[in-house]
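Structures for review follow.
Next, two complexes with chain A in common: one pairs it with chain B, the other with chain C.
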Partner chain A sequence: MQFHPQWATVGAIIVAAIGLFTSLSADAAEHVLAQKGKAFSVKKLQVKVGDTVKFVNEDPFAHNVFSLSDAKSFDLGSFGQGGSKTVTLDKPGTVEVECAVHPDMRMVIEVGK
Partner chain B sequence: MRPHDSRALWIGVLVVACLLSWAGGVHAEPLPRDSREAAVFRGGLVFANYCVTCHGINADGNGRAARLYDPRPANLRTTDKNDAYLGLIVKMGGQALGRSPFMPPWGAELTEEQMRDIVAYVRSLNLRADATP
Partner chain C sequence: MNWMRPWALALCLSSLGWSAAEAVDDPQPATAQDRQWLLPDLPPHPDDNAPTTARIELGKMLFFDARLSSERNLSCAGCHSPLYGWSDGLGTAKGFRSKVLGRASPTIVNSGYNTIQMWDGRRATLEHQAMGPMESMDEMAMNLDALFAWLAVNPSYRAAFAAAYPGEAIDKTTTSKAIAAFERTVISNDSPFDRWLRGDRHAMTARQVNGFRLFSDPNKGNCAGCHQAPNFTDNGFHNVGLASYGQENPDVGRFAIKPVSSLKGAFKTPTLRDVALTAPYFHDGSAKTLLDVVAHYNRGGEVRTNLSTSVKPLSLSKDEMRDIVSFMEALTTPAKPFTLPQLPAN
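Take a look at the complex of A and B:
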């Protein structure tokens, strides 16, 4: 079989990319928050860029999670008891999180580098 | 001003406006609880607390969260839906009726009266001449 250096280069790039991806993924942490008693389980959370935050509904009724912050605008939709939704925070800054169903439910995520 | 401060301000404005109009003799007698006017008044308060984030204080679909959604929240001032259908959307949410999944189901959060009041309030704002209750 003939050796083609260009394929060796492509292979090396792919292996390096996979390694970079897995190392980044390994660094990212998952933070789990509960929604219980019409409140978030913490009012303030510090995370790093790339981390994920999982919201778990522990109330017997639907909750929602959304944010209009510049650092991350999203709406995870509504989900019932036992349901959960996850958001990845990919930019540094302050993310104010709210529940559309319960306007008094709020918390803040500080996303650091 | 923070967004939730804005909501509190609007609720305050609604309450003060209603108190002033009441004190000014527009309603010399308390509104009968079952009257349409009372339902619209109560519905306005519920709307200001739960619905303005997406539908906006003018119910025109331009709330502060509207930019998150495609399709955008409904312009309730021009809706052609009747009261029964509006009530179903409020109670069951958009997804149950093949509409936007971002419209939450309010049936577990609001009372039947509150949901009827919201519909009455939305009906009172409707600009369509051909809209049927």
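Take a look at the complex of A and C:
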């Protein structure tokens, strides 16, 4: 039986990745925010890398959630009353979140290590 | 003698001073919740531009003065005329040398209450917006250095600026502040709807009240989902499925300012106050009448690409559509005498 060092390396990377994922998943928290009255329920949120933030639309009209920040650029699209979308914050930094439909709706997520 | 009964009843009601028409047209009164639609008496203003008579009068002069354009023939009032509900009555605006522009001139009625300005929201405040048309080569195409040099040597303007903004330069900042101060005085808040909200039950007809209920009902017109209280706008951006968005290289609207996919073809929700005075409608002027607008929404839009999730087929009957139009016609504040400014001589 031959030993192939390249497969060992790949295996090590997979094991490390699974370990990282598990540790993130184990520690990660889910933060739930409401969109109500054309405002996010909090203006500022502190989270850790790996945490998720769930946005729930409690208004009787559509909202969107997006960010063009360097720390996390995303567009969760638009969704109506009762709908929700989740984003995982995977890098430290400041994430400025807006509703594309209603530009007065803004909040900031500080992602710490 | 059954045939006599209606006649006898009419005679009886008539003798009581109560006509059959009034019996039919007995509008419901406004509720406490309806009063969320009452506008504040005055719009908010920035701390450094509180309205004063001198500022408003200077702004009115600047607003109506065509010498603020390169060929001295276009003023702000050219596209935002009090004769046309502070718009221009055109499908889309005409600018420098009558060049046809891509979007309709939005009314400035109640623009002081808006938290974001222009169809694509590229300016936050009236102060930020005011110089835009002067600087645009498609619109007033003005050389601003030449403009401020002329304003500074004109005795009347020099005095008006000194009274409005003592100790400050005659420049973009003070010019835009003055125009914004004037624009904030263009207010519609005494329509039949406003009077109905304030307790005058008969200020609107029963049909108009019914139209308001249909307008507000999320399961009927759902118009208030975007045209929200109190200024009939959510200050938001929506792709409402206009046919023009299906054309090649369509106007992408807000997406050009905020590159988020849901904003492709999205434009700001306009106020509906005085809307009966500002036909045609939509940012592309594609609807000739308010009934055309309501019919468009009743169909759920024309082009479904990137359509707002708020726009869906409505199943309104023709009578219901007419009632909503009738309600929107009750949003017009009766015209008041308007005094034009006395412009300085050349």
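The criterion applied here is as follows: the second predicted complex is superposed on the first by the 91 of 113 C-alpha atoms of A that agree within 3 Å, B and C clash if a C-alpha of one lies under 4 Å from a C-alpha of the other, contacts with A are read in each partner's own complex, and residues count from 1 in each chain.
In this section, a residue touches a chain if its C-beta (ideal position, glycine included) is under 8 Å from a C-beta of that chain, and two chains touch if they have at least 3 such contacts.
Treat the numbers as computed from the prediction; the structure is a model and nothing was measured.
Under the clash rule set out above, the superposition-derived model of chain A with chain B and chain C contains a clash between the two partners.
By the touch criterion defined above, A:106 lies against chain B but remains apart from chain C after alignment on the C-alpha atoms of chain A. Contacts of A:77 after superposition: both chain B and chain C are touched.
Look at A:66: by the touch rule set out above, it reaches both chain B and chain C. After superposition on chain A, the stretch of chain C whose C-alpha atoms clash with chain B is 253-261, while the remaining options among 37-45, 145-153, 199-207 or 253-261 stay clear. Common to the chain B and chain C contact sets on chain A are residues 61-62, 64, 66, 68, 75, 77-78, 100-103.
Considering their complex, residues 38, 60-62, 64, 66, 68, 75, 77-80, 100-104 of chain A touch chain C.
Residues of chain C touching chain A in their complex: 115-116, 121, 218, 225-226, 234-238, 254, 258-263, 266, 308-310. Of all the residues in chain A, the ones that touch chain B in their complex are 61-62, 64, 66, 68, 73-75, 77-78, 98, 100-103, 106.
Here chain B touches chain A in the complex through residues 3-4, 7, 49-50, 53-54, 64-65, 67-69, 93, 101-102, 104-106, 108-109, going by the rule given at the top.
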